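Residue numbering begins at 1 within each chain, and the chains themselves are lettered A, B and C in the order written.
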Amino acid sequence: MAFLKVEDLKVHFPIKGGLFNRTIGAIKAVDGVSFEIEQGKTYGLVGESGSGKTTTGRAIVGLNEITEGKITYEGEELNIKGKAIDPRRDIQMIFQDPYSSLNPKKRVLDIVAEPLRNYEKLSRKEERQRVHELLEQVGLSPESILKYPHEFSGGQRQRIGVARAIALKPKLIIADEPVSALDVSVQAQVLNFMQDIQKELNLTYLFISHDLGIVKHMCDEIGIMYKGRYVESGTKQDIFNSPQHIYTKRLVAAIPDIDPKKREEKKQFRQEVQTEYEQSYNDYFDNEGLAYGLQSVSDTHLVALPEKG
Amino acid sequence: MESKEIKLDDTQHVATKSPSGFSIIWREIVRDKIALVSLILLVLITSFVYGISLFLNQDEIVTVDLFAIHEPPGEDFLLGTDYGGRDIFGQLIIGTRNSLSIGILVTLMTGVIGVLYGLVSGYFGGTIDNIMMRIVDFFLILPFLMIVIVFVAIVPKYSVLSFSLIMTAFLWMGIARLIRSKALQEKELDYAQASKTLGSSNLKIMLTQVLPNLSSLIIVTMTLNLAANIGLESGLSFLGFGFPESTPSLGTLLSYARNPQTLEYRWWIWVPAAVLILVLMLSVNNVGQALKRATDARQRRG
Amino acid sequence: MWKFIVRRLFITLPQVILLSVLIFLMAQMMPGDALSGLIDPNIDPAAIEQQRENLGLNNPWYVQYTDWITGALQGDLGQSFRYKMPVTELVEQRLINTFWLSVATLLITYIIAIPLGITSGRYNDSWADQMITGYTYIGFATPLFIFALVMLWVFGYQLGWFPTGGSVAPGLEPGSFDYVLSKLQHLLLPAISMALITTVNTVQYLRSEIIDTKQKDFIITARAKGASESRVYNRHILRNSLLPIAAFFGFEITGLIGGTVFVENIFGYPGMGDLFIQSILLRDYSVVTAVVLLFGIASILGALISDIILSLVDPRIRIK
C-alpha cells in the first residue's frame, strides 16, 4: 500500500460569464494527474508557473476542492465531506512566501502554537515548552517567542513556518516552493535544514518547485508537469540522465553549469535541444498544446510519448 | 518636479514601515499639530462635559421657569435662557453629553454589526457574498433620512434606546462594505490559508486571524463614523425627530433657531451649540484623518 | 457593454419592488388609515366598518399592497386628508420646486468642485492647495443644517441680500420675467448653502484622482516624449479624472434628498422635503408615503444612471 497515492486528480476552476454569471467554461488547472509517494522519500513536482503543480499540492492538503479523482493517504481516502477522522493532522504545508504566510499581528508563540491549540489540549506551560522545543529544533533562539514576524529575516521566517508545520508531528509535508522567495545565499541553508529535519522526524516531502537544480539536490523521485498534465515522471536518475520527453529535455538542458570550460559545449547542446523541441513540438503535444497519456519506458520511468503517427 | 518629490517621500515611508501598530498611530498624531490639538480639545471637552453633568440635574434644567424667559447671558444665567426660561448653559452641558453618548453608542453598535457582516461576507465570498452585498446595496440606496424620520414618528413608546436602534438599523452598511472588501483580500493571503491547513475552523480564522489585521481600518472608520453620527443625531434633533423632548441635545438647542426671532436676535441660544458641534466634529474628524494617514503608509507625514 | 446594463437593470427591478414593499409596510405601521381623515367622527361605527370593507382596508396585506402599487403605477397616490386633495396634485408644485433646487445645487456643486479640484490636484502642496484642502476639511466636518442656519442668518437676516422664505415673491404674474427672477433669487441661497457642503467630496475625489494619475507611468511617458505641461493635463490627466465625476451626479441624488429636507425646512422653501416634514407633523401619512416612495425611486434611478455612465467611461467597472 502506497503512503500517498494520487489517482487521476482533476481540479477545474469555473469561468463565470454571460448575463447571469453562469458557469460557461472551466480552467483545467490540474487535468488527470496520478503519482505515488513512498514514506520517508522526497517527491519533486516540477513545472513552470501555471502548470498546476501548486494546485495539486493545495488539493492534497484540502485548500482546493477536487473536481474528480482520488487521493489516498495510508489507505484512507481524503477529501470526502463529512468524514469523522481528519488525517490532515498528518499532512502539513510549508508556504512559498514567508512574508504573507505568517500573520503580521501575531507573536511567534501564537503562530507556532496555533496547530497545538487546535488539536492538543495543553496547559499554557506545556504549550510554551513545546514551542520552545520546536523553535530550537528549527534553529531559532527561544527568546524570539514573543517577537512579531516582521522582526525576522526571510530565512528565519521560513524556519518559523517549518516549526509551525512540524508542531503536530506530521508524516507528510507539502513544501510549495519553500525557498523561491528567499535570497540565494539563504536557500541552501534552509534546504539543508529541511533535509536534516526530514531524517530526524522521518518526514515525507512533496517538494514543489520550478528550479530543477534544487529538485536534483532534494528529491528521490520527480514528476514534470505541463499545463495541468504530467509529461514525464521517474527517479532522479531517469529524469536527469535519460530524459525522454522534449519538454523535460529542454528543462534539463537549461540547468546552468558552473564550469566555464564547458560553456561552449553547453551552449551548443542547448541549441540542439531547442531545435528538436521546435521540430517535434507537434508530435509531442496535441492540437490544444496538451501532453498525451503516460507510457512506461521502464519500471520507474513514465513518459507522455507521441500517440499520433 | 512635484512628482519626484513625492516619490522620494514614499521610499522614506517604506523604510519606517516596520514599527507596526499603535506606536505609528501615536507618532502620527503627535507629529500632526492640528490632530494633537484636536485630541487634547476632545479630551478636555469630554471630561469637562461628563464631569460637570454629574453635578447638574437634568430634570431641573428642563423645567420651565416663566419668570426667566429669554434672559440674555448674565450673572444668573451664564449663557442666558430659552423660551421656557431654561438655563442654556446647563442644557449645553447635558446636550453635549447626550449627543456624545448617543454618537458613541450608535458608532459601537453599527461597528459591531458592520464588522461582523462584512467579515462573513468577505471571508466566505461567492454566492453568500453576492447575496449579502445586494442587501447592503439596497440599504444604501434608501432615502436614509426620511426613513429614519418616519420610523421615529411611528414607533410607539419612543425612547433614547429606540432612537439609537433606528439609527443603527440604517447606518451599518458603510463599514460593512469596507470591511468586506478588505476581508476579501486578507483571506486569500497565505497566513489565512495556512490556518486552514493547521486545522483552525472558519470562525476561528475569521475572528482570531483576519480580524486583527483589520483593526486599523476599523479604528479609522469608526472614528470618522463617530463624527458623522454626532452630526446626524444633532440634525435629527434639530428637525424634531431626534431625542425625546425631555432629553436635551445640541440639536435641540439649535432647533430654537428655526424661530426667526431667535435666529436673528437671541444668538446666545443657538450659537454656542452650533460652535460646540462644529468643534466636536472637526476635532473627531481631524483625529480620524490623522489615524487614516497613520495606517496608510503612502500618506504618512514622517 | 450591454450585458452590464441589462444585468444592472435586473438588479434595479427587485430594488424598486423591495422599496415599495418596505414603504407599504411602513405605511401599515402608521397609526390611522386612509379613512380616518375622511370621515366625520359623528358617523355610526358600523357605517365606517362598511366603508372600510368597500375600500378594501380589511383585505389581507398583500391584496392591499397590490391595490396600492397598481394605483401608484397609474399615478394615484391616494388622498391627503389634511388638504383634502389628491396627493398627486399636492406633490406636483412641490416636486417642481425641489427639482429646480436640486438642479441649481448640482450645477453650483460642479462649478465649485472642478476648478478647486483641478487647482488643488495639479499644484498639490502649494499654498492654494492647502487653502482648498483646509476648506474641504472644514466642509467635510460641518453639518449642513448648521451651515445653512448661519448662511440664512448672515445673508438673509443680517445683510438682507436674499429672501428668508418661500419660493417666489407674492403677487407676481407666473411666467413673467420678474417671476422667474424672483424664483431664482429664492432658490439661490439654499442651493449655494447645500452646494458648498456637498461639493467637498467631489473636490477631494478630484484632487486625489489627479495626484494619483499624474504619477502613473503613461503620464511620465507623455512628459518624456516632450508633451507640454498643459497638453499633459488637458489631454491625459483631466480626461481620466473628470469623466467619473460627471457620472457621480446620480449618486449625489441620495445625498441631495437628505439635504433638501434640512435646507427646505430652514429656508422655508416649499418643496418635497418641506412637505415631508409638514406631513409627518400633521400625521398626513398618505402624503408621507408618497414622498418617501418618490424619493426612494429617484435615488434608485440616480444610482442606475450613474452606474451605467460610469461603465461607459470606465471599463474596469464592467468586469464586476
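Note that in this section a residue touches a chain if its C-beta (ideal position, glycine included) is under 8 Å from a C-beta of that chain, and two chains touch if they have at least 3 such contacts.
According to UniProt, the chain labels map to these proteins: A = ATP-binding cassette domain-containing protein; B, C = ABC transporter permease.
Just so it is clear, the structure is predicted and the values come from calculations on it, not from any experiment.
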| Joint neighbours of chain C and chain A, given as chain labels | B
| query | What's the chain with its C-alpha centre farthest out from chain C? | reply | A
| request: Find the most central chain, measuring centrality by the gap between its CA centroid and the centroid of all protein CA atoms shown. | output: B
| task | Could you see whether B-C or A-B has the larger number of C-beta contact pairs? | result | B-C
| query | In angstrom, rounded to a whole number, how far apart do the mean CA points of chain A and chain C lie? | reply | 57
| query | So, what's the distance in Å between the C-alpha centres of chain C and chain B? | reply | 24
| Centre distance in Å when chain A and chain B are each reduced to the mean of their C-alpha atoms | 49
| field | Residues on chain C engaged by chain B in the complex (per definition of touch) | value | 11, 15, 18-19, 22, 26, 29-31, 123-125, 137-138, 140-146, 149-150, 152-153, 157, 164, 211, 214-215, 220, 254, 257-258, 261-262, 265-266, 276-277, 280-281, 288, 291-292, 295-296, 299-300, 303
| request: Quick one: which bits of chain B touch chain A in the complex? Just the residue numbers, please. | output: 18, 20, 189-191, 193-200, 204, 209, 212-213, 215
| said: Quick check: in the complex, which residue numbers of chain A touch chain B? | reply: 61-63, 86, 88-89, 91-93, 95-97, 100-106, 114-115, 118-119, 148, 150-151, 161, 164, 168
| field | Residues of chain B touching chain C in the complex | value | 2-3, 5-7, 134, 137-138, 140-147, 149-151, 153-154, 227, 231, 234-235, 238-241, 254, 257-258, 260, 263-264, 270, 274, 277-278, 281-282, 284-286, 289
